[in-house]
Every structure is written in C-alpha cells, then in structure tokens.
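Below you'll find the structure, written out as structure tokens, and then a few comments.
Should a chain be cited, it is by its letter among A, B, C and D, assigned in written order, with residues numbered from 1 in that chain.
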Amino acid sequence: MRTVVAGITLVVLGVSLLYAAISIPFGYPAMSDMDDYFLAHGQEQTGANNIVTSVVFDYRGFDTLGEACVLFTAVSGVAILFRLRKKEEDYEYE
Amino acid sequence: MIDNLPFLVVAITILLGLYTLLFRKDLIKMIMGISLIEAGVNLFLIALGYRWESIAPIFTGAPSLAMVMPTVQALTLTSIVIGVATLALLLSMVMIIYRHYHTTDVREVTKLQG
Amino acid sequence: MSMSKIIRTTADVMFMFIMVFGFYIVLHGHLTPGGGFQGGAVIATAFILLIVAHHMDDFLGWFKKDSFQTCEMSGLVLFIGTALAAISLGYLFFMNFLSGKGGLFGQFVPFGINQGFMSTAGTIPIMNIAVGIEVLGGLTIIILYMTSGIQSPEEGK
Amino acid sequence: MDIILDNLPGLLIAIPLLGAFLTPLVSRAGDAARNIWVLLTVALTSLCGLLIASRVLETGTIVYTFGVQHLSEIIPPDSGGIPIRIIFTIDPLSAFMLIIASIVSFCIILYSLSSMEKLSGKDGFFTLLLLLIAGVYGMIATGDLFNFFVFLEISSLAGAALVAYRIDKGVAAEAGLKYAALSTLGGLLFLVAIGFLYVQYNSLNMAVIASRMNLTGLDIIAFVLFFTALAMKCGAVPMHFWTPDSYAMAPSAVTAFLVVSSQASLYALFRVCFTLYGGQINPLTVGWVMIILGVLSMFIGVTMAIPQKDVKRLMAYHAVSQTGYMLLGVGVGLAALSSTCMFNSVGMTALKGGLFHIMNHALYKGLLFLTAGVIMYRCGTRNLNQLGGLGHNMKWTMVFFMIGALAIAGIPPFNGFASKLLIYESTFLFNPLLAVIAMVVSILTLASFVKVFHSMFMGPKLPEYEDVKEAPAPMLIAMAILAILVILFGIFPQTVIDTLVAPAATALIDYHGYAAAVLGAQS
C-alpha cells in the first residue's frame, strides 16, 4: 500500500516538474524589474561592488539573520543530542 | 527545447532524490535522498535567475554590464546553509538511533507505530 | 584515529594557508565573490583538517570546545548588534547606517565598473566578519560533536 | 519611547533571538541566572506581541520594512512602485495569531522552568525553545514568502531537536528524525513553489505577487505544492503520521508549543489560499478539498485516539482531529465565498468559528498537554494502565485536566463549545451531513477523555503513588493562566468574537486591503 502511494506522488510530482521544465523559458526571465533595480542602485545605496552580497546583507539582510539562526539551531540541536546524560533520565517506552 | 536543459536536469535530480527517499529502506540512504532533492532545488533556484550572455553581478573588474539576476543567488545561499544545517541534525539523529537500535533499517526502527 | 606523520605535518603547514585564504574571502566579501558564509566554511575546513589528521585529544589540547562556542556566540551577537544599532540610531531594523557617510566603511561608490575599494559598503563588511566567525565556530563544533559521538558508542559519553 | 513603539515588529523577532544567542553565556553563571534571563526574554517578547496586536486592532494593518530610515518608506521612490526589501505585514489575522503565540509561549516557558529541573542539557533546551518561539513569531508576522520559508525551517529544526531531546533509548530520536525529515521535505516543496512564482512575477512579497497574479498552469502547480507542503506541516490527515510520535515523545511544554507552530502553518495555508491566490482560485473546489481534509482529520484522529494507552499519544490524535475542525470551519467559509448570498448567511460564521477554534484549541490543548506533563513529572510514566487514583493528592491538576477535557469536548461553559457551535451552525446550513459528523466526533472526543479522566484520577489510591505531591508552583501558575483564559473565553464568547475574531475574518477575505496596505492603494 505504501509503495502505491509513494509511486503516485512520484509520478504526479514528476509530471508537474517536467511540465514546468518545458514551460519556463531558460535564460529569458518574464519580469526582472526588482533585479534590475538592485543592479542599477546596488552600488550607490549599499556601496558594495558584489551586488549579491549587498542583497544578502542589506536589501534582504533579515533573511541572513534567519540564516545564522538556522545554523545556530543546528549546532545547539547537535549539542543537546550528544550531551552527557545521567542514567535514569530514560523513560521505559514499552 | 534544448535551451531548457538545466530545468530538465533539475527535474531528474529531484525525482531521483524523491525515489531514494520513498523507496529505499536504509535511513542513511533516505538522508542521501533528501540531500539530492536539496541539490536539485538549489540548482533550480539558480537556473531561474540566468540571462543569456550575462556575467555574475560583481562590478569589480567586470568585462560587461549585462548581469544575471542577483536575488536568486541570495536565496540559494540561504537554502544551501539550511541544507547543511538539516543534514547535520538528521545525521546526528541517525547516529543516536544506531547507537541504541544497532540498526539503520527503517523496518526495524519503527518501535513507534506510525 | 590519527594519520601518518606525513599527513600530520602537511596538515599543520596547510592549516595556516587555508586560514589566510578563508579570512581573505570573508574580508573581501563585498568586492569579490564570497562573503561571511563561504569564508567561514573555508576556515572551518582548516580546523576539520586538523581534527582528521591528529588525534582528537591532541586537537582538544590546542583548541577548547568552549572557545569555539564563544566564537560562535560572539559572531551572532555582533551580527544582531549591528542590526539593532540601526534601531538605536533612529532608523528601522537592519538599516545600513554606515554606507556613504564617509566614516569607517563609508566611501561612496558611483555606479559602474571599478577596481574595488576596501572601505566601502557600510555595515556589510562588519556583518561579513560576524557571520564568518559564527559559521567558523558553528561548523567546527558540529564536527567535534559528531566525531566525539562516533568514538564512544557506549551510553552517555 | 515612540522609537520602540515604531520598531515593535523588528523587536518582536530580535528580542527572542538575542535571548537565545546569549542563553549559553548566561547559563555559565548558574541555573537561577539562566531561568531569570529566559523568563525575562519571553515576557518581553509576549509584551511586544500583545502591543503589536492591540495597535493593529486599533489602527489597521501595520507594514514594517526592514532596512529603511522611516516607517513610511515602504516603496523606494525610484523603483516604479514595487517594494524591494523584506516587509512584515501584520493585519488583524496575524495579530490574532500573535496573541495566541504570546500567551502560550509565556505559559510554556514558565512551566518548563520547573519541569526541567532534574534533567540535563538545560541551556541547549532553553536556547532551542527560544528559537522555536522566534521562528513561530516570524512565520506569523512575515509578509515575504522566502522569509516565511526561513522561519519555517528555524521552527522545524528547533522543534525536531526538542522532540528528540529526551532520546529515551533512541525512540525520541526516531520521532525527531521523522519530524525533521518531513518538515525538510515540506520546506523544499515550498521552495520549489516560491521559485515558480518568482520566475513569473519577479517578487517575493505576497502582496506584490497577489496583485500581479493571473492564473497560469504554473501557478496551479505552485498552489498544489504550497497546499501539500503546508498541509504536511500542520498535521492534517494525509500526512499526519509524524504528529502522534513527535507530540508523545517531546517534553510536554514543547508539545504545547508544537501545537501552536502547527497552527502557524495552518495560518500560512489560509494566507496562501485567501490572500496570495485571492481572486484567482475557484473557491468551491479548494473549499471542498479543505472540507474533505477536515472531515478526514476529524474522523481518523478520534478513531485512532480511542485505543491508545499512552496519555500524550491519545492527546496527539485529538490534536489531529481538532485541526480537522479548523479546516472544516474555514473550508466551509471558503466554499461559501463562491456565491455572495450563501456567504453572507453561512460563510462569515463558518470563518469566525474556524478561526476562533484555532485560539481555543491552542489554549485547551496546551492546558491538557501541561497536565499530562505534570503526571509524567510526578509519576514518571504516561501509561494509563499503570496510573490511577491521582485525584486524591493532585487536586489542582485534576481540576485543570477537567477544564481542558470539558473544553475539548465542547461542553457549554467552556471555550470549545463557543467555537464548535459556530462551526455546527454554519456547516449545518451548508451541508447537514458535515455537521452531523462534527457532532459525532465531538461526542467520541468526550467519551475518550472521560475514559482518560477515570483511569488517571479516579479509583482507589495506588500504593506506589501514595505520597505523590502536587505540581510545583510555576507549573501550577502556567496551567492556571491557560485555565482562566479557557473559562473566560467560554463565558464571554461574544465579546471575544467581536473584538478579535471578526476583524481577523474580514481581514482574511479582504485581499485587496492587504495588497493596498503594502502597495499604497494602487494595486
């Protein structure tokens, strides 16, 4: 039963991805006004030559704050998984 | 049609990753499937922002002014680091499961009935 | 789990070069391709090279695990500190209050191709350094925990 | 002072993150210092959340742009009318969810201060709890799709690590792995859908995409991906196999907040269906899909809950079935949108019922999980067969459990009844069969909770629980806050509906207003 459901999801997602692959023109984006604004004004407003860094740290800096938090979550998650635990903390799951 | 080759590669990578995730029985292979899907999605995001005959959006000594779309690359950077973080957490959980169950086969690991 | 003598000596030598290259990527994030995350990852590979080449206890002899944790925390606090400083100066959160003001990193950059000046781009270099330190500490701690997790299969260690 | 009031949305996320970053440092100075630090951070954040909610309910949608000099610079003058930065758009619906998150987050931190005393790794636990709270706040308040994805990942990772906190001989780690793998998969599908929208409309802001949207084949695929990704995350039936495991294995304070984080995904599902694809999708078909999901969740949740013998697994299945009620309520509201006459009579009450049920569910389900946590904290086991006769010693916990159980079953004086009544009225007019199923499920819920109440609290005093003491003070205060709110919302439902739920429901439907708030009325 599980393989049937998995097969259906695989086929459905495959068809939708292939349809998308055919219908999106590669190299000719439909609209690019936001990106042209970044390219045109990136240097004056943020002063950085590397526009990607200016987008990462200034225009969409809040994403990068979330980004650093994701990495910090992973570190604290790994830290509490490998911590030194006292013996009796485990709950006997029968 | 041949111009859309990158999106075809994306579709194949994501399907391969999903196949490994859904049909493989070993936990480590399932996590490999997840990282394959992540690679596919990152490639998809990058390929969305490409323009023909354009260079990377860096003005230091740039040969031409026709540049690729920068926002997508910022999204991909974030998505890659999220991929690293998820993989680190998933793999350390599998290590813990292996330490207690001494197996990584999904069928034996289901003490919790789903 | 330590490698042969040749690998250990080359690792010690290479460690310095990778560190310098990593800090170059972090510091020149706003001019050349790269930035906080990529540079931090390169520096983290320098530490992981040492972990792989030498025995864990030797490595923990040189660098304490707490030093990486403080490294990571200071990077994060510096990052959110520069962002909060914008609020204290009366602007909104995450405002680039240094760019174009002629101060620390404030040189004005006109549109067009130039060879890149170091003291430009306001708060972006500061954030680059902060994220570089954070990723450096974070990735090394993850690898330290996972290698210590492998070595000791018995309960609790 | 007005600097803080203007920057509230930014501070709403900055304070918990700063608190989480500094917790390991503060905890080196001892447990008491860390407890004070964590409690202070959460109290400040909840205050921010409530302040924002009250300002939004007074002055309408707040739009906060990150990285500009003044609050009014949403769209840069020379960018042709498109916002280019990340924007927090907090409309009455987000304010409604912010109130839930603030109340429940304060209660669970207060609760876990004392419930974690005997366990190890506490600074990691509190760091992750603060990050989970910050992630849920971000998911609720953001108006930017990719920013939502980043906060979705933060709350998923923090939630998965907290689910696996106890490790329990690998069983909790397995539940955490299941939760993390599923959330990552959901997040990746969400990201692919963002890519589809980005390539066509070149924007990540929900308001801009909504105003530029004209439905193409790609948008329908993106909608399906959004729907499955968020349905996966909110514990609706087809993908609900992670909910019972992770809710049962996580520490009970964390479970109470995982319920709120699933509701944040549910909020995002409604945001996508009502605002992002406002006038584009056919409300009847999507409404019926939501109704079917809701009915399935209700029915499967309850029927799977009855044979359970682990208290928290039983409550987890009830959480799945209650999510079904919310989906049913809002689904009927969405389906009724297709014809205005039906909407005026049925749709508005259904929407109000569904949204009000989100708040009630967060309150009484949080209360129930906290009571289960007290029993786990004092008796060390969750197995119903081994428990019994706890009513003699644990008076307060019994009272709180009774309040929670009666509220979930929808008994009149409590808040569950108020929202379920709204859902029954509207679904009965819409399609009588649905209302009948909803009532049957409600009766089954009451039956299973009576069984749990009897097996845990009634009966003779068992020898091994002879000297079991009542829960410590912070846990009782936390449960008392939730219990008082459950009773208060039950006795005065009409005032709560008029002040909180009605503006949220109107804001949900009015996607033009949402776009106008961000784009300055030329959308």
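Heads up, the rule we're going with is that a residue touches a chain if its C-beta (ideal position, glycine included) is under 8 Å from a C-beta of that chain, and two chains touch if they have at least 3 such contacts.
Note that the structure is predicted; figures quoted are calculated from it, not measured.
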C-D versus A-C: which interface comes out with more C-beta contact pairs?
A-C
Taking each chain's centre as the mean of its CA atoms, how far is subunit C from subunit D in angstrom?
36
Centre-to-centre distance between subunit C and subunit A (centres being mean Cα positions), rounded to whole Å
20
So, in whole Å, the Cα centroid of subunit A is separated from that of subunit D by 22
Starting from the mean Cα coordinates of subunit A and subunit B, work out the distance between those two points in Å.
9
List, in ascending order, every residue of subunit D touching at least 2 other chains.
17, 21, 24, 66-67, 146, 150, 153, 157, 160-161, 164, 167, 169, 171, 173, 192, 199
Which subunit A residues touch at least two other chains?
17, 20, 24, 29, 32, 34-35, 38, 41, 43, 49-50, 52, 54, 56, 58, 60-67, 70-75, 77-79, 81-82, 84-85, 93
Multi-chain contact residues (two or more partners), subunit B:
14, 48, 56, 58-60, 71, 75, 77-78, 81-82, 84-86, 88-89, 92-93, 96, 99, 111
Once you've mapped the touching chain pairs, tell me: line, ring, star, complete or other?
complete
Within their complex, state which residues of subunit B touch subunit A.
1, 3-8, 10-11, 14-15, 18-19, 22-23, 47-52, 56-60, 67, 69-71, 73-75, 77-78, 81-82, 84-86, 88-89, 92-93, 96, 111
How about subunit D: which of its residues touch subunit B in the complex?
146, 150, 153, 157, 160-161, 164, 167, 169-171, 173-177, 180-181, 184-185, 187-188, 191-192, 194-195, 198-199, 204, 241, 244-245, 248-249
Which residues of subunit A touch subunit B in the complex?
3, 6, 9-10, 13-14, 17-18, 20-22, 24-29, 32, 34-35, 38-39, 42-43, 49-52, 54-56, 60, 63-64, 66-67, 70-71, 73-75, 77-78, 81-82, 93
Spell out the residues on subunit C that touch subunit D in their complex, using ranges where they run on.
69-70, 73, 76-77, 80, 83-84, 86-87, 90-96
Within the complex, subunit C is touched by subunit D residues 3, 6-7, 10-11, 14, 17-18, 21-22, 24-25, 64-71
